[in-house]
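Please go over the structures that come below.
You will see chain A twice below: alongside chain B first, and alongside chain C after that.
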Partner chain A sequence: MITIDGKQIKLQIWDTAGQESFRSITRSYYRGAAGALLVYDITRRDTFNHLTTWLEDARQHSSSNMVIMLIGNKSDLEARRDVKKEEGEAFAREHGLVFMETSAKTAANVEEAFINTAKEIYQKIQDGVFDINNEANGIKIGPQHSTSSQGLPSGGGGATPGGGCC
Partner chain B sequence: MAAFYGVNNKEVVRIKVKKCDGMIQPEYKKLCVDPQITSFDMLQRLLAKAFNIQQDFTISYLARDDFGREVYLSLLSDWDIDAAFLSAHMEPYLRLKVDLKPFEDTLEDWDVVPTEEYNSQTTGTKSLSSTFLDKSLLGSITGTISSQVGKTMSQVSKAIEDNRYGNATKTMMTDAEFHNFLDSVGHLVQPQQFRLSVYQGGIEPSLRKVAWRHLLNVYPEGFSGKERFEYLKRKVNEYRRICDEWRDLYANGEFAEEIKVVINMVKKDVLRTDRLHPYFEGSDDNQNVISLFNLLVTYALTHPEVSYCQGMSDIASPILVVQNDEAHAYVCFCGIMRRLRGNFSCDGVAMTTKFQHLSLFLQHQDPVFHAYMKEHQADDLFFCYRWLLLEMKREFPLDNAMYMLEVMWSSIAPDPPQDELPLVDPIYAECGMKALSMASPSPTTSVYIQLLSQRRRRSAPSSAKPVATPCDDMKTLNPDDFVEIRDDSTAVLQEKSVIIDRSLECSIEDKTNDIAQPLADLQINESSAEIETSHAQRPSLIPVQRVYDCDSSATSPPSGLNSCEEATESPPSSIEFVKVTEKPALLPPPSEFGARNPFLICLSLALLLLHRDHIIHNHMDYNELAMHFDKMVRKQNVYRVVQQAQSLYGGYLKYQQGLLDRQGGGGKV
Partner chain C sequence: MFSKPKSWISGGLWKPKNPHSLEHLKYLYNVLCKNQTVTEQNRSLLVETLRTISEILIWGDQNDSSVFDFFLEKNMLAFFLRFMRQKLGRYICVQLLQLLNILFENIRNETSVYYLLSNNYINSIIVHKFDFSDEEVMAYYISFLKTLSLKLNKHTIHFFYNEHTNDFALYTEAIKFFNHPESMVRIAVRTITLNVYRVDDRSMLRYIRDKTAAPYFSNLVWFIGNHVLELDACIRHDIDHNSRDRLADLVAEHLDHLHYLNDILCLNIHALNGVLTDHLLNRLLIPLYVYSLTQKQAYEQRTEERPHVSPAVSLFLLSQVFLIMHHGPLVNQLAEIILNGDHTVFECSPSSPDTASKLPGFSKPEEPLAQTLDSYRGSLKRRRKKKRQSYENPESDIKEVEDDEKSVQTDEGSTPLELNESADSVTPGADVPPRPHQNSTDEEKLLKSSSISSGGDVVAFSLDERPYLRAMFLALECTENDYEALFALCLLYALGHNEGINQNLLDTVMFPTEKSAVNNYNVSLVEKLISIITQSCQDGSKVRLATLELTSMLLRTLVHQPSKGHCWLQDGHLAAIEGGREEGTLQLRSFYKSEEIFLDMFEDEHRELLKRPLNVEYLTMDASILLPPTGTPLTGIEFCKRLPCGEVERARKAIRVFFLMRDLSLSLRQEEETSLPLTKDGECIRLGDVLDLNNSDLIACTVLYKDNRRERRFLVIDVLQLILVEPDSRRLGWGVVKFVGLLQDVEVTGDKEDSRSLHVTIHKPASTVHSRPLPLLAAKFLFDDHIRCMAAKQRLTKGRLKARQRKMQMIARLLELPGHIVDSMYQPAQFRQSSSSVVRANTSTPVGRARPAGGFFPGEC
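Moving on to the complex of A and B:
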């Protein structure tokens, strides 16, 4: 539960599996999601290299308005960094994503990542991009006219808080 | 006391009882009972009198666990009494403990509840004494069974018929009973009866180690006890050799990067698999955790086409707990993976089939609930993914899951390996561990890595075969699909499975008479309240005891819609009046249903139906449904679910029989 603009917003967050075998099920999470966090591991270039595939997958199976954040995780492991911050930023710019680096271990930027995603979604509602009466967008108005948005699958190579395979 | 060793013949059992009441000094008493006539009820009264107890109390008995350590196990039923007598038959006394503090019913974590205590869990909020009443009634039936164990199966069915309560089938299979299925040199001469018995009552924990190896198709057919022993010894050595090979390379850091990734993946999962269970708890260097790691890495490296996939640790964990030996567990794991590897395959065919069959079964069994799911775009049932992938293992506390697993395995037709169970894939057998080493002579990448990348490519979205997408629905499924994909080997298997299913069917027939309507009948079911209150009455379409008590308002339109939530969609209750006109496709035969595991589909449906009213009553949408079941992980009631699944399975078998009869195929085999 977070507050943006004086409005209470309840986020429903799903942690999806990153392994290839679970692609089919991961796809089902995109449906009805208002936002997604695409997470890679800054210490492993192969997770960065896979982003294109994941992004393609997400775009293909979600609403075209879905907010996608690009997250470079494990920022605490600066010494083992394999992907430069600039590379992440460039990828995000190129694909129209919002970029951040986080550390699930130290909690650096983790809350911000979710709050920023929610803010983006909220902005899109304000702009009339999302039709709040259509639940397929993943947004549901709760009682007392507060806004709640659901379904933020996070996926990709990096470790996301929570864990669990399926 | 002539026949001292035969527990059934023992005339007198001496009992030493210790009474504990908080901090007060324990009180001791000795007494003697006749094991032939002492029921749980009687024992309880006897002890209450002996110690002049006026309040609720619990009884436990001293037994030895697998490691020979002394443990107190709860004594809650006639089943437990039999087990207690049996455990003490070599001892001078049966040692009991009477505890004035009743069992905790507010345990935080189900993971740590030992199996033996399930009875206290299943009673829930019911008062202890009323539970005892039920138990003693059941006990008199199950008591009859245990004294006649192995004589004839018909007596078992008779007992089930007599048992109107329907929730006690048979005692767990004991060592003594198991020996009835073997001949003098240990050939398993009655494999079907063996499986039937497991199906009806599960296996006593101490016997699981041995019995599971049979259920998991470790042994080729026709082995004697001595042959099995030697075979297993050979397999154990084979495992040790393979395992040592990669561990040497690992220790020297000679692995290619891709292999290290696989190993890290296993490590990550092993460190969070069943860690609250006593077997895996404690620090990360718990030897059992390391064993699970070794076993899974060995499998991944020697089966490059399967490799490691999340969820496999859940499949291996109960097997390791039961075998309590890394090498034995590995052999069993190879046995089960022969059947389950498809679950982890990138093509998703096995999983897709299971989803389709579950959805179809739901449509057959409960068209109203199916319509509800459809209305909420949840009829793909993707929130059941974990159930189908891990064969329900994670829905129950681990110790309870073992019972569910053995019952399920017993329902699957035996599939023993031809000559012996391969511990490695042929591709590995050809290349050996060298393929994994960085120092591999191959100038490019090793075979293993090639296979790994093939796996990856196959699953890439651009080239992937479209697997079940949410919009793929059952309309595309037609009965002909089920007969096409049958080659010779599956035909043989089907034949086998029909035989075993028949034998199951015969004995559970009486029980399934309770399913009043044939499965194919589409009918709106009545309110569940009626079913719950009167067991004697013939239940309607679905004889489910729901987890949640729902009043009749659940099925009548809700009064006063006030939240915006409902304004946008019609209230779910309106589907009660929707005429279900769509006739679902036929259910596939046992050799195909649930990708050769029909009982898994029954378990899954049972779990869905047990929560049905709660779901509909709370108008749960797709996400809420998924969250609801996620919250229930490791907390489902195994006995309710298995019992319900057995009902469904019985109905399914009858339905299949009906299909065969209608086809004029000549009726029963």
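Moving on to the complex of A and C:
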């Protein structure tokens, strides 16, 4: 539950990690979501290299309006860094994504990542890009008419956040 | 009741300072003991307590095993269950479910998982009657089941599936929600079932097959079928593209179903696949999809009849089926009926009346799934009885439907079943075609198909007695529009590319593909395709680009195999295609130079075509093609899937048609493309090349980038490119290429405040559809004085113009435009004239380039 612009917004977060073996499942997750967090591991270049495939997948199965955040995770492991921050920024710029580096371990930027995604979605709702009456977009108006909720699948190049997350 | 319970009502145990410790858990346990009944007053306390407990448990799992021991010792799961069952238990249900969710998601210790699962508490929680009308409860409940299903393996399965009582609550409770209105719930149900099926446990799978498969699958296909009917209704009532969102949803939903069913089939569970294939074929695909193929004329006439959709929708859906599913028994039986079958599949053979029950029919399962499943739960006796019922009743249901159908058919002559006169002559029983039963083996089919093809190897093909195939051929007609043709092409393509279909089967209708050995093609099919091609090359054609591209792809697979290196298209057919190509070229000529940006359009369309060849799978994911073809871009429909709007788009279309036809014709004649793209990589100078720049015009400048970087460079203007070099330290007069960009894309403007500066932008097409096109270069060039600056500006502007003219002449030659074929107009720019002096250092040796001694580096001042 977060508040943007004085409006209560409930985020519904779905983690697709571990279910990639079934194509039907990943497909459906993308479709019902208003936003997605594409996560790679800054200490493993291969996860960064796979982003294009993931992105293509996400775009193909989702509505073209889906907000996609690019997240470079494990920013606490600066010593083992394999992907420069600039590279992440450049990739995000080229593909029209919002970029952030986070650390699930120290919780740095984690909340911001979700809040920023929600803000972007909210902005798109304000701009009239999302049809809020169509639930297939992953957005629903809450009971008090002030609440909307969104599904955000997260997942990506094998860099799932470590530690317990709720 | 307790306003500050944490501080003083804790039975002598003070709240420990360390939140992650056994002591804290003990303290919280005490809190629970003090509050064994949920009340309005203590609900928030309990919720917070439960939340903290889950935190400690996760911590304990990784750090301190005594935490978990304590949790088990105090039997806290039983505690939770007691909470849930209370009158006000719903207050904390969500928190409890969340706790369990987090617990199972995060616990890594195998033994801990076993302990949690023993005692059957989890199963009791699963069958607990939660208030599912509460959205949140529903969401957490189904996530909990999903989390559990992810923990399933050969060992843990026994905690959930009880062989003796035939109980498998996790599975049976989950599938009750298979048609829940919330899509996330349905996705979770699918995940759970897939996770269950993939556990390799024989007795569990036997239970699934014997007790649940038939009811689950029959309900599932009924659910899918109803979605399909809704989809059809949605199209029928929407000529103005109003409900596109709803339609897109329904299409995506259908795809979800197919992918799900395919995921099950791909698990290769033999027993399950048999039941699933049977239900899919005989209760959905044949009675609804295939049946609808021939329902064209009957569309408006009849009101009381069996459910069906429009032939176009049916073609579209069948394409999806064949593109997604490759399970041999399923696709072969289905393809066999479409290609060779006739209406007799819906008829009952008089010689064996018992087969009536196995006739395909799209009918409602006799009771809702939840009811069927609940009845299994009863006593053993009741269960046995019930089981027999549920297997018998649907059959008799179908029998009735079929009987009705038969009587209708024999009574009237204008029933949809006898749409095709030829099919009438088939007397039931005399020559019963193979009926799609799950037990007909591949060998049988092989025999069957070979017997057919051996019957007449040459041109014994006829559409008589092939009503479905004939319907498909009829759909290829696009005199009015290409609406149905596009779907028929999709289906043909899907059939040809389905790995599960035996080539022998395709050979029966002379449909050769990569796999086949025969070089015979179906002449009437190829003629249909050629007619589409001819029509699309004409002025004002109603054939969309996607249709043309797909036709061309299909034609190639039919008559041409690159692997075997030959093409067996008859001369007459080839000539017809060449005729189409000429017509297309003629069309494009009228647009040549009609637009300022003709060159950019021409190159852009070619790039698009190369980069994004038509993907049929993506095409059949697009709901917008289900609506009548439209011309207006206001619908947001992609260009190749609609008709052109306005002069510019008509030019674009003509360009595309030209490319597609050129490509088709070249590949059928097995010639290489040598003229396209207009810019050849080989002719261009690349980064890092070392050039001999003696006697070349060089202008020194400083390049200022947006990010405040500045570089000292020399500007070189080639025929095609703008080049920035820096002096080569090893060879006097040579330069290393630091930047290249196409002159044709250069945009140059002066600086109002500084007469020595130019703003140079070099545009670049976007690398992917979704990415933003970023300019290749956007910088300020600072020259030594305003004269150099003017000179540079002039040369850049002129260079751009010349580069463009040069390419326009190349296009003119491609179009064989009279008056343009002359090469004399081609005036190479100065730099290229001295091309003998431009040598790339990386192309072996710069031999024979004797330069005047003492060559100097002109720009160096």
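Worth pointing out:
Basically, the second predicted complex is superposed on the first by the 151 of 166 C-alpha atoms of A that agree within 3 Å, B and C clash if a C-alpha of one lies under 4 Å from a C-alpha of the other, contacts with A are read in each partner's own complex, and residues count from 1 in each chain.
Rule of thumb we're sticking to: a residue touches a chain if its C-beta (ideal position, glycine included) is under 8 Å from a C-beta of that chain, and two chains touch if they have at least 3 such contacts.
These numbers come from a predicted model, not from an experiment.
When the two complexes are overlaid on their common chain A, residue A:Q12 makes contact with chain B and with chain C alike.
Contacts of A:H95 after superposition: chain C is touched, whereas chain B is not reached. Contacts of A:E120 after superposition on the shared chain: neither chain B nor chain C is touched. When the two complexes are overlaid on their common chain A, residue A:T53 makes contact with chain B while staying clear of chain C.
Residue contacts after overlaying the shared chain place A:R31 against chain B and chain C alike. Once the two complexes are laid over each other on the shared chain, residue contacts for A:D82 go to neither chain B nor chain C.
Shared interface residues of chain A (contacting chain B in one complex, chain C in the other): 12, 14, 19, 22-25, 27-28, 31-32, 56, 60, 135, 151, 164, 166.
Interface residues of chain B, counted against chain A in their complex, comprise 261, 265, 269, 272, 309-311, 344-346, 348, 351-352, 377, 380, 382, 385-386, 389-390, 455-456, 459-462, 464, 467-470, 563-565, 568-569, 621-623, 626-627. Contact residues on chain C toward chain A in their complex (touch as defined above): 55, 58, 98, 102, 106, 139, 150, 183-184, 186-187, 190-191, 194, 245-246, 248-249, 252, 255-256, 259-260, 262-263, 618, 621, 767-768, 770-772, 774. Listing the residues of chain A that touch chain B in their complex gives 12, 14, 17, 19-25, 27-28, 31-32, 46, 53, 56-57, 60-61, 133, 135, 140-143, 145, 150-151, 163-166.
Against chain C, in their complex, chain A makes its touches with residues 12, 14, 18-19, 22-25, 27-29, 31-32, 55-56, 59-60, 64, 93-96, 131, 134-136, 151, 164, 166.
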